[in-house]
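Heads up, the next two complexes both have chain A, just with different partners, chain B and then chain C.
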Partner chain A sequence: MSLTSLDPRVTRLHLPDGEIPPMEQKPALDQFETYEVFHLKKEGAAYTYVGPVHAPNEEVGFLFAKEQYSRRFPCVGLWIIRTDHIQVTPYAGDGENIYEMIRAEEPGTRSEQAEPYEIFQLKKRGKAHVHAGRVTATSFQEALQEAKQAFGEKGPVVNVWIVKSGHVLQSGEEDRDMWLTVPDKKYREATAYKVMDKITKFKEEQRNTPA
Partner chain B sequence: MYGGGNVFEATKFDDLQAEDPVKLAEFEARIARGEKIEPNDWMPQLYRKQLIRMIEQHAHSEIIGALPEGAWITRAPGFRRKMAQMAKVQDEVGHAQLLYSAAETLGKSREQMLTDLINGKSKYSNVFNYPAYTWADSNIISWLIDAGAIVNQMANARGSYGPYSRALERICAEEAFHLKYGHDAVVHMATGSPKQREMIQAALNRWWPPIMTFFGPSDKMSTHTETLMRWKVKMASNDDCRQQFLDMYVPKIWELGLTVPDPNLQKNAETGEWEYTEPDWEEFKRVINGDGPCNAERLAVRRTAEERGAWVRKALLSPKAKYVKPLA
Partner chain C sequence: MNEQAIKDLLYKLADDELILGHRNSEWTGFGPILEEDIAFSSMAQDKIGHSLAFYTLLQELGESDPDTVAFTRNARQFHNSQLVELPNGEYDFSLIRHFLYDNAEIIRFEMLSQSNYEPIAKVATKLKGEVKYHVLHANTWIRNLGSSTEEAILRLQSSLNEALPYALGMFEVSTFEQELIDTGIYGGEEAVKAEWLQRVQAVLGKTKLKLPELNGITPKLGGRYGEHTAHLQPLLDEMSEVFNIDPTAEW
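Presenting the complex of A and B:
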């Protein structure tokens, strides 16, 4: 016996009916690793954190990120970074500056040549990390010191994310047509639904119809 | 879309005596100043447990809530409404992803949450255990269930946990269209032919009782509830949410010449409060515990999707993969 549903697609699945033993615990990594996603709303803005996705690799992560975070609102660029690749400072309180609160640490490992790092800053708790810019360094610790020099003066920063530029998967110029049709899909905009005319007309008719 | 009705039961973590008093004071002071809590901050066990439970239930509600409306995609009347219905269902599934990640930052893995959903260990909004018999049912869900969800989510977006607030901000922005789309669909039916009016009224009659239970039973005011309100985990009482919903939507239902199947429903002119027949909380309990018209189907659909897709995920998994919880 299989379940009959109001949804013909469900009926076609031939779902088992009746008592079924509990499903086994899903194994670790069944849902893969996580990647953090940043989007560029418009030309001239800064890349801003939008949230994570779970994905088996970078390429699939990019596709999921595109669906999840750039489907509904304007977007001209997308970056994704494996969570594991991001170094995070402690969080300061609102109004404080984390750069002033952490001691410069000796790096555990240092690369032979200086390489670029991307810096993301959180200005206020509960808001989103925003790309501040790029620094060149031989370690994460040095990158943080460079970031303090370059961006630390401009008001409170409660948290900093640091990542090697090489670990950022960036959308390219040729990817831009992915977002060209977003504004055309008016049926998913609240402003596309105007009901007042129908309601007013309905009420008029009700008034004019003897009960 | 989200069914509120969180029943915040006391847990064994209620005992704040076990918490470090200095850290607890700092934590409470941060919330009192209006600052958000971020994942790596110290937090009391009770805060962590209740947030995981609440965000996880919210995520499950989104993913299961996509099913009754999804049922009507193939039979939506007309291409435009088919596109809109698909976009809405896709949004709901996306919301589940956002919420699972927010809950993960508190330390519960997505694997565990999905296992608990399928095995009935964690709940989702009870309204989705009822069927959408007709296209009109789907319209009532799009309008009124989403309206209820938005009342709930707007309140929760002001809560103290950073990742949940961020997710809710995005969810509320996306749902603005759901509500308008749902209203438009209901207006279309209600101002249409006698048959269409009859269909939408019948759907409203079927959905009204579940809608009235949507925000959950009256809260028992206890020190537990007070603590969660002080920590900005619970942002409004279930009754306040229900009153707000009635205030906003009953007039919109009435102006369409539709009736609400509750002879006792009226706004008390003196108190400004809505009076109504107390919902059947016995049925609510029975259905939430598994004995509703669609519980078995909803979970079987999820389980089948998980089980039949397992080989694909296994094939894609890199041996070098290492799990790190999302950052924010």
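Presenting the complex of A and C:
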């Protein structure tokens, strides 16, 4: 006997009806690595953190991020960063400024030449990290000090993420038309389905039908 | 401007998109991993959206409304290539079909965005970016999986061999082919096919997959003239099930 379902796709699989044989045990931690995703809502705004994706590599991460984080509402660009490429400062409390609370540390390693780093700041717990700008440095520690100079005075800042610019996979100018039609896709938004009128009408009919 | 020629072109574009959109939507909830399931489903939705855009142009030329055209014709009246109606098979087959189809589709959209027939040019220009993402998705997977494990490479190669005669059937020429080319409405199937071969080869060249020798292959033709495999009618029956129960249903 094979399984029959109201979903014809399930029936077509000819699955055995009854007990399912146990799946082969998977090795521990058999998972994709994670990537962090930032989106640009509109021209002139700043890249803002939207969430992580699991993916086997950066370019597949981009494919997944595009659909998971930009399938609704306007978007003109995406950045993808492998999670372990992001250096994270300790967290301060709301209203505090983390730049004032951490001591400048001596870097363990320095690059021979200064290179660009991207700085993302969290202004308030529960909000999202927002791209503050770019600094040039020879280490993460120096980049943090540079960021303090450049962006730290406009506190409060409760947390900072620091990433080498070369580790950011960025969508290009020529990719913008991939998002051109997203705002038209109202059918992807819950608000497009106005069902209350229909439910009210249905309830009316039920009430007016003698039992 | 020959309306018959334009209608023929629109029907083949729209029917390809509708049937493949429906086929690919059959993966919803069954995708290999959640993220890919979402991506593949979104693209299926895009394709059905493209068919709606082309059916709407047909309606402006006097054909029935898009729902009637999509849900009430039988297999003989469809102009899609046989490639898009084949069952999904396993994911390797669906990915290979996606790769072969979308690399042709983007060329059609690029061409049509330059069409002398302005309504088509407008639609193609607007929707081109969506197809661009579909191609990026397909090419990224083929590049990654096509040079990964032995199982992945074997599966993809076998699906490629199986799909190729049908993929060549996408380029079956229309009765109005020369007229469409001469009037600057459409660049024609031979031009699409030549460019397609280059693009497909460029991606496969970065993998361990090999495009079979084309000389030995007979393309599966007939789809553009209503000849289909046994798989199309059951698909249409399933797709139009709700419509046939209640043509006025809304949701």
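Criterion: the second predicted complex is superposed on the first by the 177 of 211 C-alpha atoms of A that agree within 3 Å, B and C clash if a C-alpha of one lies under 4 Å from a C-alpha of the other, contacts with A are read in each partner's own complex, and residues count from 1 in each chain.
We adopt the following convention: a residue touches a chain if its C-beta (ideal position, glycine included) is under 8 Å from a C-beta of that chain, and two chains touch if they have at least 3 such contacts.
The structure displayed is predicted, hence computed values, not measured ones.
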item	value
First (chain B), second (chain C), both or neither touched by A:V88	first
Which of chain B and chain C A:H54 touches, first, second, both or neither	both
Touched chain A residues, chain B compared with chain C	B
First (chain B), second (chain C), both or neither touched by A:P16	first
Chain B versus chain C as contact partner of A:E118, first or second or both or neither	neither
Contacts of A:L29 with chain B and chain C, given as first, second, both or neither	first
Touching partner for A:P8 - first (chain B), second (chain C), both, neither	both
Partner chain in contact with A:E142 - chain B first, chain C second, else both or neither	neither
Which of chain B and chain C A:A128 touches, first, second, both or neither	first
Touching partner for A:R71 - first (chain B), second (chain C), both, neither	both
Touching both chain C and chain B, counted on chain A across the two superposed complexes	8-9, 53-54, 56-57, 60, 67-68, 71, 185, 187-188, 193
For the chain B and chain A complex, residues of the former touching the latter	30, 33, 35-38, 40-41, 67, 70-71, 74, 80, 83-84, 87-88, 90-91, 94, 97-98, 101, 104, 109-112, 114-115, 118-119, 131-133, 162, 165-167, 170, 173-174, 176-177, 179-181, 183-184, 187-188, 190-191, 255-257, 296-297, 300-301, 303-304, 306-307, 310, 313, 316-318, 321-328
In the complex with chain C, residue positions of chain A that touch it	8-9, 53-57, 59-60, 62-64, 66-68, 71, 175-181, 185, 187-188, 193
Chain B-touching residues of chain A, taken from the complex the two chains share	3, 5-10, 13, 15-17, 20, 22-23, 25-34, 36, 49-54, 56-57, 60, 67-68, 71-73, 83-84, 86, 88, 90-91, 93-94, 125-129, 159, 161, 185, 187-190, 192-195, 198-199, 201-203, 206
Footprint of chain A on chain C - complex, ascending	26, 30, 35-36, 38-39, 42, 45, 49, 126-130, 132-133, 136-137, 140-141, 144, 238, 251
